[in-house]
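What follows is a pair of complexes built around subunit A, which joins subunit B in one and subunit C in the other.
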Partner chain A sequence: MAERGIPFRLWLAGGWLMLLCAAALLAPLIAPHDPLAQDLFLERLPPVWLPGSEPGYYLGTDSLGRDVLSRLVYGTQIALVVAILAGGAACLIGSALGLIAGYFGGWPDRIIGRIVDIWMSFPPVLFAILLVAVLGTGLHSVIIAIAVIDWTRFCRVVRAETMTQARMDYVDSALVIGRSRGGILLKEVLPNVLPTIGVLLSLEMGIAVIVEAILSFVNLSISSDDPTWGGMIAEGRTQIHFAWWVLVFPMIVLFFTVLSFSQFGEGLKDRFDPVLK
Partner chain B sequence: MTLRSLLGRLLNILVTLFGVAVVVFVVIRVAPGNPIAMMLPPGASEADIDRLRALYGLDKSLVEQFVIWLGGILRGDFGTSISLRQDVLGVVLGRLPATLELAFAALVIAVVLGFALAILGTRRRQSATEGAIDLWNGITLSIPDFLWGLLFILVLGVAIPLFPVSGRISPRIDIDYVTNFYLFESILRFDGAVLRDLLAHMALPAIALGLPLSAVIAQVLKQSLKEVMGLDYVMLARANGFGEFAVIWREAMRNAMLPTLTLVGVQFTFLIGGTVIIEKLFSYEGLGNLAIDAVINRDLPLIQGIVLLFSVLFIAINIVVDLAYAALNPRLRHG
Partner chain C sequence: MILQRPTPHGGTGMADLFTVRDLHLSLPDLNARPLFGAAPRIDILKGLNLTIPAGQVTGIVGESGSGKSTLGRCLIRLLEPTGGQIDFDGTDITHLGPARLAPMRRDLQMIFQDPMSSLNPRHTVGRIVADPLRVNGIDSAEARALEALDRVQLGRDFAGRYPHQLSGGQRQRVGIARAIALNPRFILCDEIVSGLDVSTQAQIMVLLENLVAEMKLTMAFISHDLSVIRRLCDTVVVLRAGEIVEQGPTPQVFDTPAHPYTAELRAAIPLPEIDAGWLHNPA
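On to the complex of A and B.
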């Protein structure tokens, strides 16, 4: 199994994600235009290979004459910031609680399990919309909302995995030679749970990107002028009969990004963790 | 199930429900942002603010506020919607049937498609067909309902306009049914015209919601069918001359169903959660659409009512799944 090397889909998904990182970091160099610049003489230009297009506007313009490609490139920044910060925060909270619940059992496990039960009784998208409405719109609210809601995804799986690990002989051996319980949890159990956490983190980053797009779509993410994929999709939805390209290109980018995060996770699973498979 | 385990489970449910109420209360009352400021238009006078604070009991301590609030909810008093000026419970219950029908249609699609793919994949083990099914499942599982919905609107609503992409029913149809369960009532009334119209409106959002779940069902059911197919009693059935389909459907399925059933329960709650954004996308007049409007209008009593109702629905589904599991699993029946 280990001799198989890195699976094809890991390459493909990783490649797309690298491309996105590059686009986010180099946005000012790549984007042909200012993503916010409006020009009413250039509104709803089709992509460059269709009649009626203008050179330089490769993927056309939206109803305010803003360049679709430039907005997509700048939208990558927000998507990735949300993926990394919200995904990372949910991962830290959920994994920490999952490790504690799984390793110590008893009342910490019961309390954490109860909180997870309560959390799972809320529809996630509605919960996110509610939190952002209460916290006020803005990038930080979106990140907080996703982290506050999605930590349960980590907690449940990490708890189960930690329980399995805690029953293994190496944990008993470490106890016998006098290591502290906290030390064993961090130095012995955690490294064995890390592959699982990595897989979950990749999946969660894809979910975070989608949730941000959904919140932008209902106009609850950052201000509607700033380029986000969800905001572009919302605008494109209203223009669907006049300018399909405003909707289609952000959809394609979102599609590949979400697919890549989940396939990257699945690829990691195949590569590193025969148990999860 | 013994009485003891039943009582234990009931107690669990009550604690969860109480926790849900606390979380909703805390999010809405304690989070930064003054709830009164959210209710009033900008520029309201101090006197207006004070009057509203007293009206909602916000001048009392938090614990007192919680007790009053919870007492009201237990009596069925969810308050008055600010934007609609109607009783919250009435509004919410009026919209619930539309969402339930959509979720039910999506579930039927997911189960039928999921079972069909699992059975086909089991019959054609280790063939190109199984590979294609696995690939399809991988894709449908990765793509969330929101993107499926957009794709369907674009392709089947606009490029090839086969289906309507907005609303629950055509505005030209005048409907005067007793209940808001239009779909079920139109079936009972043999009202073909209305039924066709409802189904046409429901098709795209229901498929968008059902596709990810169909992939989950297909994967898990195929996996457990594969395990069961190797067991002795299935071999025996085959040796007795049953055809491959009969072996799968009549013998293997019964044992392979259980893991799938538990999973469907959990995933069905995700599906219901997905209705929120799908209804918005398709302007379908259900609870989810109402919820987003409520947030945009800063209608806190309405938001609160919808969130609580969704939570109760989730918990109810989990109970039903638990009971169904106990009923189908002979090992649990005598507890």
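On to the complex of A and C.
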């Protein structure tokens, strides 16, 4: 194991995610300004390397004179909270149902399968908007909406993987040694499905960040005052001709974050799964 | 002995461990399922009568699809028969549910054909061999697991390895260690050497012969390879299309087959007859 170094993409993706975590945890120390402080004398300042910039406002300011870098840093907190809580909740619900459907088959499989079919026939973003409209705006309803919509991704893949694993002889041999069906599912099958769940979870965390940005973009996430990447993109869109930096920096951060989540999951599996040679 | 237990038959070793009467098993044919109604059933086992004597190795032979694996899996109740009766040491186990079967599991063990798929790839060898002991509430499972590894001539340092780090023969030794760790009263061997290369097969056969002699195992040995059966088994059951065509002591079945099918199977054993000098005079 030791001779296979850690692949470059894992370094890159892991490094970016570490940076985000540090930014989220240390936001008050890192952010040069208050993300909510408006200053109309400093509106639409360009990034610091362009003419007309003000020292201390590294990535410029938006139309209300709020510091773009500080808002990005504080936006990381919301993005990561959504990624972890919404991704984790979707993962728990979907994986549990997928394991049950795939292992027990029969009527549990048919019922769960029908629910998944019905769920997936709703257009996801419209479904999210509808849910947030019903639940009311706020971080908690964004998290609930993402979990409620995206558990089907986990359920379908975990079900298929569980069915493959359940046909292996080691399941029969566990029956022979006297394990109960529940014990087999948790102690024999689940460890073999776990790597797949891990990859899905990291993908889902990226998707959760995007969905949160979409909901912020249509102003259904949290109060538009609070710094979210999606909210910043929405605001930047209206003034792209005068202040491109308000739109471009949050988009770059969002892009790298989503990419890092997906690469991180795959990379971890490739590197640390003892069964893959 | 790994576990000392009294034998209920006073150690004569000649009583019947299994008595099978008129065993039937049919499965629904899902490929032929009509749009409405139940699928037609295919008969796999069509009324088998046999006994498996304690302390002996019973060979079950037959071509593919003859029902030998199905019969074996009924014996250890991985499958539930649709008709007939299976008595294990005087207890009718034909239709026992999981709860009633649980205490009997430690006595009904199995070694599988494919040693890769029958070992959980995410468990270490030590855990694979110790789990049967732990699940059945036997104390000092780790120590006993190491003893079982000794018995199959794998070093104790194998306990920390994963199945994918082993060769085919080593994996099959782990499968055997898992089965004998509980010191069960019956072990089913389902084609356990057919996936191995010839020299490994020979080593595993020697190991099995020694274990049978040392531990006085009662085994059912399923194979399509008559030469393997002849070497290891005391009695033979010949199956064809879900029916028993012949059964009896191995020498008798091999030397004076009563049924033409047995004679046909016997004639199909490849014998190492080579011409002198074949290596140096290619034809």
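Criterion: the second predicted complex is superposed on the first by the 262 of 277 C-alpha atoms of A that agree within 3 Å, B and C clash if a C-alpha of one lies under 4 Å from a C-alpha of the other, contacts with A are read in each partner's own complex, and residues count from 1 in each chain.
Keep this in mind: a residue touches a chain if its C-beta (ideal position, glycine included) is under 8 Å from a C-beta of that chain, and two chains touch if they have at least 3 such contacts.
Please read all numbers here as calculations on a predicted model, not as lab measurements.
Peer 1: Quick one: is A:E188 in contact with subunit B, with subunit C, with both, or with neither? Answer first, second, both or neither.
Peer 2: Only subunit C; A:E188 stays clear of subunit B.
Peer 1: Which partner reaches more residues of subunit A, subunit B or subunit C?
Peer 2: Partner with more touched residues of subunit A: B.
Peer 1: Touching A:P124, do we find subunit B (first), subunit C (second), both, or neither?
Peer 2: First partner only, subunit B.
Peer 1: So in the superposed three-chain picture, is A:D172 touching just subunit B, just subunit C, both, or none of them (first/second/both/neither)?
Peer 2: In the superposition, A:D172 contacts subunit C only.
Peer 1: Applying the document's definition of touch, where does A:G15 land relative to subunit B and subunit C: first, second, both, or neither?
Peer 2: neither
Peer 1: What is the shared patch of subunit A, the residues that subunit B and subunit C both contact?
Peer 2: none
Peer 1: Please name which positions on subunit B make contact with subunit A in the complex.
Peer 2: Residues in contact with subunit A: 12, 15-16, 19-20, 23, 27-28, 31-33, 138-139, 141-144, 146-147, 150-151, 153-154, 158-159, 269-270, 272-274, 276-277, 280-281, 288, 291-292, 295-296, 298, 303, 306-307, 310-311, 314-315.
Peer 1: Tell me, which parts of subunit A touch subunit C in their complex?
Peer 2: The contact residues of subunit A facing subunit C are 168-170, 172-181, 183, 188, 191-192, 274-275, 277.
Peer 1: Within the complex, which stretch of subunit A touches subunit B?
Peer 2: Residues in contact with subunit B: 114-115, 117-127, 129-131, 133-136, 206-207, 210, 213-214, 217-220, 233, 237, 240-241, 244, 247-248, 251, 254-255, 258-259, 262-263, 266.
Peer 1: For a test of understanding, state which residues of subunit C touch subunit A in their complex under the given definition.
Peer 2: 76, 78, 98, 102, 105-106, 108-110, 112-114, 117-123, 131-132, 135-136, 162, 164, 175, 178, 182
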